[in-house]
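In the part that follows, the structures are each spelled out as structure tokens.
You will see subunit A twice below: alongside subunit B first, and alongside subunit C after that.
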Partner chain A sequence: MSIRRKVIGTLAIPVIVGVILEAICLAHGQNVITNMKSFNNFVVYTAIVMITTMALSINLNSGRFDFSLGSMAALSAVIGAKISYALLGGGSGSAYLMLAITIASGALLGLASGCVYVILRIPPIITSLGVTLIYEGVLYTITGGKYVMTEVQNVSMSGFVGTWIHAAVLILLIVVFVIFLFDHTRFGYNYNALRSGQKVAVNTGIREVPNAVGCYVVCGALMGIVGFLNAARNTNINGGQLNFGSIAIMFTAFLPMFIGSYIGRFSNDKLGYLLAAVCMSLLNSTFAVFSNSITASVQSIINAVLLVVFLIYLNNEDLLTRLFVTRGKQAGA
Partner chain B sequence: MEAGSEKTKQLLITLLPVLALAVLFILFCTFVKAKGYRLDIYLKTIFNQGVVLAVVATGAIFIYTLGSFDISLGAATLFAATVGVLTYNATENFPLMILAIFGTAVACSLFSSILASAFHIPAFVTTVAMLSVLSAVSAQIITTKGGALGGIGIPKTLVKPLDNPPFKITLLAIFFLVCFFVFQLTKIGRRQKFIGGNPVCARLTGIPYNKYAIIAFTMAGIGVGLGAFLTLVYTPSVTTTTASGIGMNIFVAIVFGGMPISGGARSRIHAALIGGFSYILLNNILELALEGSSAYGITQIVSAVFFLAVVCVTSMNYRTDLLPR
Partner chain C sequence: MKNNRLFKAIMIGGVLAGAMAFTSVQAAAADLKIGVLVADVSGEEAQGFRAYYENYIADNYDVEFVYTDALEDAAGEKAAIEKFVSQGCQAIISLSSSDRATQLDTCEEYGVYYAIASGVLDDELFEAYKGYEYFAGQVGPSNATEFEAGVKMGEFFKEQGVTSVAMYGAFIPNPMHVFRAAGVIAGLGDTYGGTNDMGGMIGQIFADQKVDPAKVEGDVELCAYLQGYGDTTTDEINAVVAKEPEAFLSVGMATTFFTQILNEAGIPFADIDSFTEANGAAIKEGQLVYLAGKYSSSIGPVFALIKNAVDGNVIRDEEGNAPSFSQGYLVATDGASFDEYYVADNGDTPIYDKETLDTIIGEDVTYDDVKALVEAN
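Coming up: the complex of A and B.
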């Protein structure tokens, strides 16, 4: 594939999405990003979507369906908020401390989730159901089912998401880390081998258990960051998410995951997830521009329709290409 | 000798969900009596909670048998009930309301499967999309017509005569027997198990996946319709949270009933019935044992640990060297 085609293939979707959404906004006398505040929100939301998508894709691409992502994000954020508040009382540097604790607790929760999977040796979709219920139960017990607010409402936290720089640095660090880990280390080579041919990979001597547990740890740490960013952005954490109330977060990552995988054909799937997250964030910013006329229900419907339409294209690409080529030939003749 | 002990072990594992249900039932009765509460009222509550989950999950067994799953069933139940209420309020015609409920439920289910079949999309992705769409549309209707907290409803007097155990048991029994017949005694069930067990082999032997997927989703749709109707019979109003937990509870119920989520030959039509009631009983026992709102979290933790333990024991014979996916 030529470099020109790679560049065009990689940038086509985000550019087209950006142009269409900006045109829609301009037609109504507005812009997708109207001021610095909306730009900050745009970058923070891009970070949230990108990291969630990466966390979802790590296990899903290996055939492991994980419902526990949302519960890991919420529980690790609560742990981080409680400990950082106890140590610094919401003072200077508490956001950085909370971020560090949240990542560590997220990684530990991921480790526990991975251990349950490899020890019980039951399908991951089932273990993730059990783990989700356990984490939600722990979350409810810690918070008493209430919103956690005092611990996350301080200058340090609002300052963290009050500028795009922190989110941009996180995006950069995570993209570099994930690309390095999954594309340039032994762990990543093993992961890709297990993903493409589990039996063959195991027969060649690749140790599947540490690799699977490692994936869960990385997912947990990533979801910890998502939990932190959501807490800072929403200025609260919902502690009453019982009976699978936390799983909705993973559904927001399906569309960017598929778009990212498509973009990844031309460059790198991790870069694809970033660009897909940019698209989703542009869409979210457009929804914010039209918040008076587009309700949350309509937004959900639009997102669902986009997901289906994109998948229809993705799964029938060959058919559509053949159709257009035939028509082109007929027109030429 | 070894074959005999293996047979006994298999039998025990097969009977374990039934034994667990019996033990849970005895425990529940003991707890209620020990607390000095009225057992008849508690049993009625359990039955009303369990019957909706059991019918929806029994229909869903057909989808799970194929190795697929549908997480939009809870949202479809809410949407079907919402359309039923709207229909009755517009026409005041009870049979038409029932028809609207079942029509909507089957249409939603079929839409997912036809979309997946026609455009070659993984079925679970279409159900994710349906979950969003159905929840959003229902929420929009309910909040527009009745306010977020109040919800919309039909007159209580309309369904009061039907809100009794004999009627519900009859409905449950009829639906279960129909499902049992289709699943166990016709080629539909056998072929669905074959597809779930080995889709490539099934395709090579000429079994059309799409046809059996559509049948599976239709059966699930009927279950959803029945679930929506029974929900309205028990509580004649619909809010945005009605049936919200059903979609995920089906997973737990099916696994509790001793059936693998991956479907195939080990699929059991009775799994949803046994598992559904077991799960409801377990949750109620734990709530009785740990009274108070702060105990909800602990109840869920214990329930989840019990769930994982049951799955671990029932799947003991099916372990492979590779990690399952």
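Coming up: the complex of A and C.
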């Protein structure tokens, strides 16, 4: 594939999305990004979507459907919030301490989730449902079903998401880390080999269990960051997410995951997830511009329709290509 | 070895028996057991109410309060009442308003006394249920009072000269929030769907299930509106902040959900909530500039109605129906006026303290006694 085609293929979707959304806003005398505050929100939301998408894709690309991502994010955030508040009382450095604790607790929750999967050896879709219920139950027990607010409402937390810089640094670090881990280490080579052909990879001596557990740990740590960013952005954590109430967070990542995988054909799938997250964030900013007329339920419908349309396109891509090529030839003749 | 095992078994059995006996003694300790239906477990107002019942009333009267988790719908409320009945509760106090008609029917069916401590039934519903045997009454702001609270908030900002505001409709179509929202629009000097009449406005808001900014007309522009709380709320409040309104007017719960965001954005805001420590911080150090609130012990008279009913003195009005008492809102616009109410109603010294409540608890207490006390506070 030529470099020109790679560049065009990689940037086509985000550029087209950006142009269309900006045109819609301009038609109503607005812009997608209206001021510095909306730009900050744009970058923070991009970080949340990108990290969630990466966490979802790591296991899903290996055939492991993990419903527990949302519960890991919420529970690790509550653990981080409670401990950091107990130590610093919401004072200076609270956000950084909470971020560190949240990543660590997220990794531990991921480890536990991974261990349940490899020990029980039953389909991950089932174990992850069980783990979700357990984590939601623990979350509810810790919070009493209440929103956690005092612990995350302080200047340090609001300062973290009050500027685009922190989120941008997180995006950069995570993209570099994930590309390095999955594309340039033995762990990543094994992961890709297992993903491409599990039986062949195992027969060549690759140990599947440590790799799977490692994936869960990385997912947990990533969801810890998501939990932290959501807590800082929302200024609270919902402690009453029982009966799979935490699963919704996972579904926000489906559309960017498919878009990211598509973009990844032209470059790198991790870069694709970042650009897909940019697209989703542009869409989210556009919803904000029209917030008086586009309600939350309408936003959900639009997101769902876009997901279905994109999946229809992906499933019929060859058919469409053949159709256009045939017509082109007929026109040429 | 055998004796050793036998000894252990006797020890464990003894400990368990002791624990069970202790538990039964504990359970038997309270003379009155009341189930409390709660829709909001996190809000400042809800936590203030709960602290008053659990930390003051339960310490001063022989009563145990049992709470639900956050109730979300009518089915949950009905199931909670049935659970309370099975747990031996003699009465239900409602702070949840998804379907109060069903709550009343359920309590009547099971023969447990029922009282409303937050909001009141609308006139039509009250007429239908006021004769129920187990309906002990309702104490709270009437719908007209809710509307008036909204009007005063709107007028406050209108007098400040604002020309563009954002609004949070809380949990519309909850009637309490509908009346407040209509009042705010009227207070700003605007109309909704071409009218500023209370009946005309609330009828349209109920029909719309929200406040439609396009239907608000007048000198003060409603530049942004949101309601409810869920996955998209942060995006919606961020959209509000991006539109840079001169003020953010809420009909409830903004102090719970948005204080930090609005403080950071430097947007003055108003809410109808209660006088709690966190709201005190928001008005003294943050951007909260107007608070219409109840004090935490304002739910004291409801407890008195319930206790009297369970003890055999079911309070009834002159026509023999369940009593309905209206409470007003107190308004704070700065730290000093906030402290005036907060300090007076705090911890061990609530406005409705034991000495005061005892004047309306007893076999000789009448409707007029309760009415006089509620109106005096």
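Just so we're on the same page, the second predicted complex is superposed on the first by the 333 of 333 C-alpha atoms of A that agree within 3 Å, B and C clash if a C-alpha of one lies under 4 Å from a C-alpha of the other, contacts with A are read in each partner's own complex, and residues count from 1 in each chain.
Here, a residue touches a chain if its C-beta (ideal position, glycine included) is under 8 Å from a C-beta of that chain, and two chains touch if they have at least 3 such contacts.
Just so you know, these numbers come straight off a predicted model, no measurement behind them.
Engineer: Let me test your reading of the model: by the given contact rule, A:Thr235 touches which partner, first (subunit B), second (subunit C), both or neither?
Structural biologist: After superposing on A, A:Thr235 lies in contact with subunit C but is clear of subunit B.
Engineer: Does the superposition put A:Ala100 against subunit B (first), subunit C (second), both, or neither?
Structural biologist: Neither partner.
Engineer: Contacts for A:Ser38 in the overlay, against subunit B (first) and subunit C (second): which applies, first, second, both or neither?
Structural biologist: second
Engineer: For A:Asn316, is the partner it touches subunit B (first), subunit C (second), both, or none of the two (neither)?
Structural biologist: first
Engineer: When the two structures are overlaid on chain A, which partner does A:Pro123 contact: first (subunit B), second (subunit C), both, or neither?
Structural biologist: first
Engineer: Tell me the contact category for A:Gln153 with respect to subunit B and subunit C: first, second, both or neither.
Structural biologist: After superposing on A, A:Gln153 lies in contact with subunit C but is clear of subunit B.
Engineer: For A:Val308, is the partner it touches subunit B (first), subunit C (second), both, or none of the two (neither)?
Structural biologist: The first partner, subunit B, only.
Engineer: Tell me which partner touches more residues of subunit A in the superposed arrangement, subunit B or subunit C.
Structural biologist: The larger set of subunit A residues in touch belongs to B.
Engineer: Which partner does A:Gly144 contact after superposing on A: first (subunit B), second (subunit C), both, neither?
Structural biologist: both
Engineer: Please write out, lowest number first, the residues of subunit A touched by both subunit B and subunit C across the two complexes.
Structural biologist: Subunit A residues touching both partners: 144-145, 295-296, 300.
Engineer: Quick check: in the complex, which residue numbers of subunit B touch subunit A?
Structural biologist: So the residues of subunit B in touch with subunit A come to 115, 119-122, 125-126, 128-133, 135-137, 139-140, 245, 248-249, 251-252, 255, 260-262, 293-294, 296-301, 303-305, 307-308, 311-312, 315, 319-325.
Engineer: Considering the complex alone, what residue numbers of subunit C touch subunit A?
Structural biologist: My answer: residues 41-42, 69-70, 210, 213-214, 224-226, 228, 230-236, 238-244, 256-261, 264-265, 278.
Engineer: Give every residue of subunit A touching subunit B within the complex, in rising order.
Structural biologist: It is residues 62-64, 67, 116-118, 120-127, 129-134, 136-142, 144-145, 198-199, 202, 208-209, 212, 242-244, 247, 251, 254, 295-298, 300-301, 303-305, 307-308, 311-312, 315-316 of subunit A that touch subunit B.
Engineer: Contact residues on subunit A for subunit C in the complex?
Structural biologist: Touching subunit C: residues 34-35, 37-38, 41, 45, 144-147, 149-150, 153, 157-158, 162, 233-236, 240, 248, 284, 287-289, 291-293, 295-296, 299-300 of subunit A.
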